[in-house]
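Please read the structure below before turning to the comments.
Chain naming follows the written order as A, B and C, and within any one chain the residues start at number 1.
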Amino acid sequence: MSNKYDTVIGLEVHVQLKTDSKMFCSCKNKYGAEPNTLVCPVCMGYPGAMPVPNRKAIEKTIIAGMMCSCKIPNFSKFDRKSYFYPDMAKNYQISQYDLPFCEHGKMHIYGNGFSGNKLDEKDIGITRIHLEEDAAKSTHFSNYSGIDYNKGGIPLMEIVSEPDITTADEAYAYLTALKQVIQYGNIGDCDMEKGQLRCDVNISLKPCGRKEFGTKIELKNLNSFRAVHRAIDYEIIRQAEILDEGGSMNQETRGWNDDKGITYLMRTKESAHDYRYFPEPDLLPVIFADEDISELRKNVPELPEAKKARFVEAHALTHFDAQVLTSEKTIADFFDAGVVLTKTPKLLANWIISELLRELSDANIGIADSKITPKSLAEMIELINKKIISGKIAKTVFSEMFKTGKAPADIVKEKGLVQVTDESVIEEFVDKAIAENPSQVEEYKGGKKAVLQYFVGQVMKLSRGKANPQAVIKLIKEKLD
Amino acid sequence: MTKNKTMETPVIDVGYVAKLAKLELDPLSMDKFQKDMESIVEYVNLLGELDLKGIEPTAHPFVSSNAWREDVAKESFSRDVMLSNAPDILDDELIRVPQVISGEEDI
Amino acid sequence: MKNNLNKMTLCDVSDLLISGEITSSELCSLYLSRTKKMEPKIQAFLKVDEDEILRQASASDKRRGEGKPLSRFDGIPISLKDVINAKGEQCTCGSKILETYNSVYDATVTERLRNKGLVLFGRNNMDEFAMGSSCENSAYFSTKNPWDISRVPGGSSGGSAAAVSAGEVPASLGSDTGGSVRQPAAFCGVVGLKPTYGRVSRYGLVAYASSLDQIGPITRDVKDSAVLLDIISGCDPKDSTTLPDSKISFEEIVNASGDDLSGLRIGLPKEYFEVDGLDKDIKFSVDKTIEKLKSLGAKMVDVSLPHTKYAIAAYYVIATAEASANLARFDGVRYGKRTEGYNDLNELYSRSRGEGFGEEVKRRILLGTFVLSSGYYDAYYLKAQKVRTLVKNDFDEAFKKCDIIFSPVTPTPAFEIGGITDPVQMYLADIYTISVNLAGNCAISVPADILKESNLPVGVQFLGPAFGEDKILKVAKVFEENRDIKEFIPEVKYV
């Protein structure tokens, strides 16, 4: 990679808000419904229809802004952005032009980048966050397209970053941090496959040290964070090569072809699109007094960083554990719900991190769909703590819980998995094992301490796995030493 | 009321404006539209006479704000009804138009 | 009854229905047969669905028969300008581009009329998309003035005004953006009210200029106007720009208006009476009216609306800008007429719109697009919105010195069809009505006089402050009761 150039990257992220209804009408905000069944005169741009804004969408946008340290202005308004396109029912989009809901924020990035290299810890500036309505969905056929207006009118937040990003790793980290914040704030689900989060990249190169930015190239059709990463890496090389040969860049929009791993020309931007913005006459401005803004601030949830610190301090978890548990709010919530029901947060954390997340990943479901609940997992851990089951048995119980959602106590009872802790009972098994394996006794007495495991195995076999391992070891040692 | 110099009539390209507005104009009437536009714009240039320093624009007649609705989903209109006016439908469920290129706005 | 149909008000007809003297079916049949007779000459309607009208009338009779009328006005026919959505009916807006469009929902005002049991009687002709002052811009045909069928009824609610004037319906709902209810009312000798902006919901009114449009009643007398205002006005959650409900009944205001105007201060804006082109006959009638108002005890006060001459320019910038965006949705994609020959999306749009829109609409879309386009926003749109502030302030200042303002409605009486071809000349005739829309205030146009030679009616206008419908209805009522000419009934020839 050439060191002659500075890379300047800005990201434009569109996020669908998680609301029950659309932005300007009461149609359901839902993915995957039958085409054109969640529509009405308003979102289909019928004559005489009028928009009415969704209050929750406005609030969620402001909370998103607060979570990104944005300034929330007292006066805000909607504007009409005119352009003709079949996915825009009115041939104008209700958006925000010069007075958006949030301005001048930032997103902190740190740690390791997607490529594995360490990131420069820094703040990426957020220029603005504004609220608008999403476009309809077009499906392409041979030489025509079909439009489904279900998606049209869904509340959409546009987050514009400052051109502070300089590498693919930084872009990836910014997107990850942003997604985490949005999910934490219960603002959006950010499922890129469902179109709930979209990202466009603006990238340019300039000779190192020069103040003036180079020609901006826009990258579109990036369907995952990984695609963003790959596209940026590719584009930096492509642009550098052109500049090296003395060529120059034209302002253009390029698409990313994920299969081929290349960007391709979509269209050149000879002139900026004339959107003819003007204030939306059908909507009144939005005015928040300072007190209103303070009230809204109370709804801002605990940020990921703060939550992580709390887990480390309050529950003596390691940074790594806290990091994994807070990577998604749903996992953190799961932990929070369970930790009040158990005396051993560390054990709970382990089970979530090593077992639950793995099982969920294998089954390809989210923690929200898990049949194991914080309560049931905590109960299972208490069974371990009370030595009713061993850690090993717990694995069986856990598996069953994951499959069936049954309570651990019920599973233990049904399968007769109660651990045997009665030493007199265990002693019988130990005596039997010793009696049946004289040569191993000899080996042990001869100094081969490792043979202990053999005896433990034998006792476990005789007790059908139910003997408490610590007691077994203790008794064997007593008898043989 | 101080009077400023009336604004200069800008160069209006009716063909360009018609393109922005997606209006196909009959070439025979282009001239008339061009003349009409120029004459109307010349008339509205009257606004340039006024000193508007310090005057706030009025977007809505009455100072009011924060008209919104609660986030409650209601039943939508039926698909049959909403597509009943469509000139061209695909599979009884989509509105058909000539090919639209994904993400392409400039047409 | 049949011979008096063209004189009957909503309240008159209501009395007959309540007393049982007539049923709704009989009533609507009478109006239908009168309409059939008038229409060849007047052409006020784009559509009259006889079966549907009689079906609604029959339903009304059934309700009344069961003792469950929805209101005093259950069963009375009222027509709608073809720009207000009524589910299942056409809504062409006087345009070819919506020739095939069938409404899928009721406008809020339509719903309110239905809730009171009124019968929706036909769709009135209008200037295309409410752009015009003569009804000559309808893509279908021109409506004629019942007083002289060689003349225009005014516009854009020309069909509504002509229908009421000719006695085809007792009342109609039109829309007023720059005078489109008041001016045709004046040309046709009927009453036209533009409510305060936000008083009546615009949900379901096909938008022309969103910050200026208001639906307004066109009626035979002032009381009917108040009655309809009570029915159609009110806060609407579907329209963010509506005002809170009025705490007063406008009908009650009219009923309690008294006999005279003592104590009332009436402002006479000097700029209005200095207008070049104010027809001398109109001036004469207006002066006569001023004398009458004085005789009723009102005090005339000189006021000034210094930015009057800039109002038309500001209006045409703002209205066309908003219209250019409001009419962008008419593209042949989801409803309305799609062009036959297109190879790509651009042609689909441009040809559907090119073929579907008339000349005046195209002109205004072009102007509106231009004033919003890159580089011109500040010079035109922003400037116009600032001038709007000045116009509004003019009224606020004037209303400190007077209770209501009095003015002509139009500088000339109804002109001949084809009489004005220069667009700017047509625009200049809006001088008395347009400022009210810019300010968002209310105003009512009331017939005052009939010109001797031409036998054409002359209207006068009472302008009120914002939320001042009570004031203007009161003075309009007292004037109406006491004016010299009692009835304004056109003699429609060859009937």
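One rule holds for everything that comes next: a contact is a pair of C-beta atoms (placed from the backbone, for glycine too) under 8 Å apart; a residue touches a chain by one contact, two chains touch by 3 or more.
Worth saying up front: this structure is predicted, and the values here are computed from it rather than measured.
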{"item": "Geometric centre: closest chain by C-alpha means", "value": "B"}
{"item": "Of B-C and A-C, whichever chain pair has more C-beta contact pairs", "value": "B-C"}
{"item": "Where subunit A and subunit B are represented by their mean Cα positions, the distance between them in whole Å", "value": "40"}
{"item": "Approximate Å spacing (C-alpha centroids) for the pair subunit B, subunit C", "value": "24"}
{"item": "Whole-Å separation of chain centres (CA-atom averages), subunit A against subunit C", "value": "56"}
{"item": "Contacts with 2+ other chains: residues of subunit A", "value": "41, 44, 52-53, 84, 86, 91, 147, 274, 276, 281, 283-284"}
{"item": "Residues within subunit B bordering two or more other chains", "value": "20, 22, 59-60, 67-69, 77, 82, 95, 97-100, 107"}
{"item": "Subunit C residues counted as touching two or more neighbouring chains", "value": "101, 104-105, 211, 237, 240-241, 324, 328, 331, 333-335, 345, 349, 369, 373"}
{"item": "Sites on subunit C touched by subunit A in the complex", "value": "84-85, 91, 93, 98, 101, 104-105, 107, 202-207, 209-211, 237-241, 321-322, 324-325, 328-331, 333-335, 345, 349, 369, 372-374, 377, 381"}
{"item": "Subunit B residues within the subunit C interface of the complex", "value": "1, 7, 10, 12, 14, 17-18, 20-26, 29, 33, 36-37, 39-41, 43-50, 52, 55-62, 67-69, 77, 81-82, 84-88, 95, 97-100, 107"}
{"item": "Subunit A residues touching subunit B - in the complex, by the definition given at the top", "value": "19-21, 26-29, 34-41, 44, 52-58, 77, 83-87, 91, 138-141, 143-149, 220-221, 253, 255, 266-267, 273-274, 276, 279, 281, 283-287"}
{"item": "Complex interface listing, subunit C residues touching subunit B", "value": "100-102, 104-105, 197-198, 211, 237, 240-241, 243, 306-307, 309-310, 313-314, 316-317, 324, 328, 331-338, 342-351, 353-355, 357, 359, 362-363, 365-367, 369-371, 373, 376, 379-380, 382-390, 392, 423-424, 427, 439-440, 466"}
{"item": "Touch list for subunit B against partner subunit A, complex", "value": "20, 22, 59-60, 64-74, 76-79, 82-83, 90-91, 93-100, 102-107"}
